[in-house]
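I've put the structures underneath this note.
The two complexes that follow have chain A in common; it is paired with chain B in the first and with chain C in the second.
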Partner chain A sequence: MTFKTDLPVMMPVKPHEPEPFLRLKLWHVVPIALLCIVGTTLAFAADGDAKQSPLAVLMNWAPLLLRGFIFNLVISVSAMALGTAVGALLGLGQISPNRIMSGGSWFVTQFFRNAPWLVLLFFAMFLLPFELSILGLKIPFPDWFKAILGLSLPVMANVSEIVRGAVKSLPSGQWEAAESLAYTRRQTLWLIILPQCVKRMLPPWMNLYSILTMATVLASIVGVSEVMTLTGRALSAEGGRPELLAPFYGFVLLLFFVYCYPIARYTVRLEKKFAVIN
Partner chain B sequence: MSWTPADPMVSIKDVHKSFGDLKVLNGVSLDVMKGDVICIIGPSGSGKSTLIRCVNALNDIQQGSILVEGQEVNDPALDKLELRKKVGMVFQQYNLFPHKTALQNVMMAPVRVLKRDKVEAEKQARDLLAKVRLQGKEDAFPGELSGGQQQRVAIARSLAMQPDVILFDEVTAALDPETVGEVLQTIKDLAEDGMTCILVTHEMGFAREVADHIYFTDRGVIVEHGPPAIFFDNATDPRTKEFLSQIL
Partner chain C sequence: MTLKTIKMLATVVVASTIGLASASADVLDTIKERGKLIVGVKADYKPYGFLDTSGAVIGIEPDLASDVAAKLGVEVEFVPVVSSNRMQFLEQGKIDLMIATMTDKPDRRDVVLIPDPNYYSSGTNILSLKSLGLKEWEDLRGKPVCGIQGAFYNKATSQNYGAEIVAFKGTAEAYSALKAGNCAAFVYDDSAIVAKTNDPEWADYEMPLPTIDDAPWGLAVQLGEGNFAALMSEMIVDWHKSGRILELETKWGVANTPFAKAMNEKYK
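After this line comes the complex of A and B, so read on.
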């Protein structure tokens, strides 16, 4: 039987699925990039001068810029590794039953978590010596190494909070069950608590990595030869032609997007998956 | 003072406990002999759960004495790990380790804590899972089991440590009515095997059937106690009578 009604409660319920405004797929990047790069080239062609087209100039420089970008990735992976290792220890320190230990770890975490990344980077750059002599052995501290140290500080503090938050988010019954089975605190932590935390820590950790990768361009301000620095140099080598700005910086944006967007999508997928399990 | 099996296995004397200003236990005393099954009943917030959590030192006490096989629990120098090897505990929310299978849940503590041989511990774990009627569920994760099944795994996990006494903290309170029976049956089997059990429960029928002794607590004190036949039919204290009339 069907009957007409305009009462909303009587209408069949349509499952309302909020459509994301724009769901970007990886291939969408191609038209966007073409628009940026070809667009300026066309504008240039209309100009009709004898200089090389922006696209051709970009192609000349692309291998160098790519190498610079790979350097960004090396910095990001290294800073992430270092920050994660130290941050995990700091996070465990925060949940230590020892008051001095937990208080100290808490303070260090809060200090570095609430500091601007660029300031920390400057600190690492200008306070660390350019080389260190240990027993007559001179160990050089190149700029890129200092950049890794500087960027690993905020990563460390954020990882520390991720670890603390994940441990605290487990129900206390897990601790009690382990205690009542005579596990030591250390066994409880390593066999029971932390394995359950990994799952909870993964999405925020990947998020942090994505943010860190995008923050590696800060190293250009302190003179590390990463992609932004190289882009700037390439532009000035080309005589500062303004029509080159959009294609060059567009290219850099594209590189970061292609690298970071899949990470972001995958993080969302993991978050959804774990939300179902828990 | 050395403990002999003729002495109480658990001896609680004049225990006081408060959380901040809130007095939870106000001078509780009771003895549990080896092989006894005792049930502690009473209204919510009367301190039942707190009392048994003090027995394996999950909660500390401010005053009084708890002896487990002659070992004083209210002692700053207490070796909690040694105590907890003797005292098992099963929780209302099961608290199984969700990242481990049923078998791993049961065999992990014997291997890691008691340093027992892995092969032997696994054999024991399989036997225990069979004993709680969970053959075939060895490789299931807790999330794949029903509440009653999880609780039986938790009982097997506790048994795997070969404790001398097991504490049951309202172990059927979170279960669906249809699965309560299977858990109670498991506990009954244990009791028949001679395991010393201290239960906090709201299952009056079960308490009456299985317990050797019933304790009724209210506002941090034991109001009345006795063997089930006398306790349920001839309660004398008005508070007990009121409670029983509400429940039965």
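After this line comes the complex of A and C, so read on.
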């Protein structure tokens, strides 16, 4: 119902919600891509010498770079899966009534959450052997596997905090009500608390995944043949032509944007949907 | 822990050590058993080792490595290495053989086994603007000079001539920084610089200084692999004798270097 009034206090409450400056849809990526790549190459199109134009060179290398990017995605998905599995256990450990359990979990979480990702990656890279010999059986540890392990450590710690935060964010009435109905602690956790936590955890978890995906290029520093490493090699195979730098790195930026932007948009939608109104 | 478990554990440890020792007795046997020679090569150093658009490693050094594999009658697999990890990979046994533009230095001979004679050689020079009019290495004192991370001559250029080295990951970044005027010169291999000065796009640039540190390159195998090293010595002599190095230089568009010519004369 509406009132005819000038008094602000009588006006209906409109939640102030900042609209995104640009509402990008997936198809908008196409003009952005053209701007990024063609724009940077246009300046050189006028040269007209025997050399291939930067765009043509990029097209030659695009399939290889795409393969490298898929490798990045494989690393990100695996590190996320591993980190989530261990991190969830660690998060439950943090809320355990057992002091040793919760203290230990807290320490591990804080340690890995406050360490730089790159340092953890180096740690995994140079501390693990390239193959492990157990009773004559050789288990190889390829570089990409070490990268997955190294990146899953910070993911684990962050997931642990997400789980702990979600459980703590539920009103204590939920616990008390469950107790009054004679649920055991385990039953309360599995049947009442955690199902309510899942939707609270989903948006931060997806944010974490986006961040992890973008962090996979760190693996290029430790020599994994992912998209950044391949870009560097492609650039030197083309004889280090400076005008190729912008289109090539622009292409890599674009790949990540196309992949991560929809995730970011979807996260915002989920956040709105699950918003807890107090 | 009971005595029985301790005994069992000890047996396991001893057994696995023996297993390891026999496995690393001779890398040639391992290679033949595996049916594959694993070679560490550069993948960002045109034309010695670089990628083609399909992602395969090609160039002078991969061709040499294929010769070795053909001689052993096995397949070849290339592992891309960089200056900072190539010796570590060899020590760990991740690669059997390393042909990766490595300069032969006494301290490196302590870590890996470098068979004689050397297969290649190159020197250090700079690429800089003609208008700067650099005449000698001393002119670089106090100036920013672009370099490539992990190259040994970075240290020499900064220590002996007082240049301030700005090290980049790859050549593209370094050339770009030079063009943008972020550094006065780019210190690199002389053969690559000669090729660049012939490029019309770099017409304003020159290689003004006398080449220094003309140093031989060595390929390497793991320490203690005497048999493999002897075989490699034989192969290198063969490459020089048959003019294979000169042929590969021509194939990959490098002017024949004085070193390759001299070695061809020597062993002919």
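Operating definition for what follows: the second predicted complex is superposed on the first by the 255 of 278 C-alpha atoms of A that agree within 3 Å, B and C clash if a C-alpha of one lies under 4 Å from a C-alpha of the other, contacts with A are read in each partner's own complex, and residues count from 1 in each chain.
Methods note: contacts are C-beta pairs under 8 Å (C-beta built on N, C-alpha and C of every residue); 3 or more make two chains touch, one makes a residue touch a chain.
Nothing here was measured: the structure is a model prediction, and the numbers come from that model.
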{"item": "Which of chain B and chain C A:F130 touches, first, second, both or neither", "value": "second"}
{"item": "Which of chain B and chain C A:Q174 touches, first, second, both or neither", "value": "first"}
{"item": "Partner chain(s) touched by A:S102 [first = chain B, second = chain C, both, neither]", "value": "neither"}
{"item": "First, second, both or neither for A:N207, with chain B first and chain C second", "value": "neither"}
{"item": "When both partners are placed on the shared chain, which of chain B and chain C touches more of chain A", "value": "C"}
{"item": "Touching partner for A:Q110 - first (chain B), second (chain C), both, neither", "value": "neither"}
{"item": "First (chain B), second (chain C), both or neither touched by A:G239", "value": "second"}
{"item": "Which of chain B and chain C A:W61 touches, first, second, both or neither", "value": "second"}
{"item": "Chain A partner contacts - residues on chain B that touch it in the complex", "value": "56, 58, 80-82, 84-85, 87-89, 91, 93, 95-99, 108-109, 112-113, 143, 154, 157-158, 161"}
{"item": "Residue ranges of chain A in contact with chain B within the complex", "value": "171, 173-174, 176-184, 187, 191-192, 195-196, 277"}
{"item": "Parts of chain C lying in touch with chain A, wherever the complex brings them together", "value": "12, 15-16, 19-20, 43-46, 50-55, 80, 82, 85, 92-94, 169-176, 179-180, 200-201"}
{"item": "Chain A - residues contacting chain C, complex", "value": "49, 60-61, 63-64, 67, 129-130, 133-136, 223, 225, 230, 232-242, 244-245"}
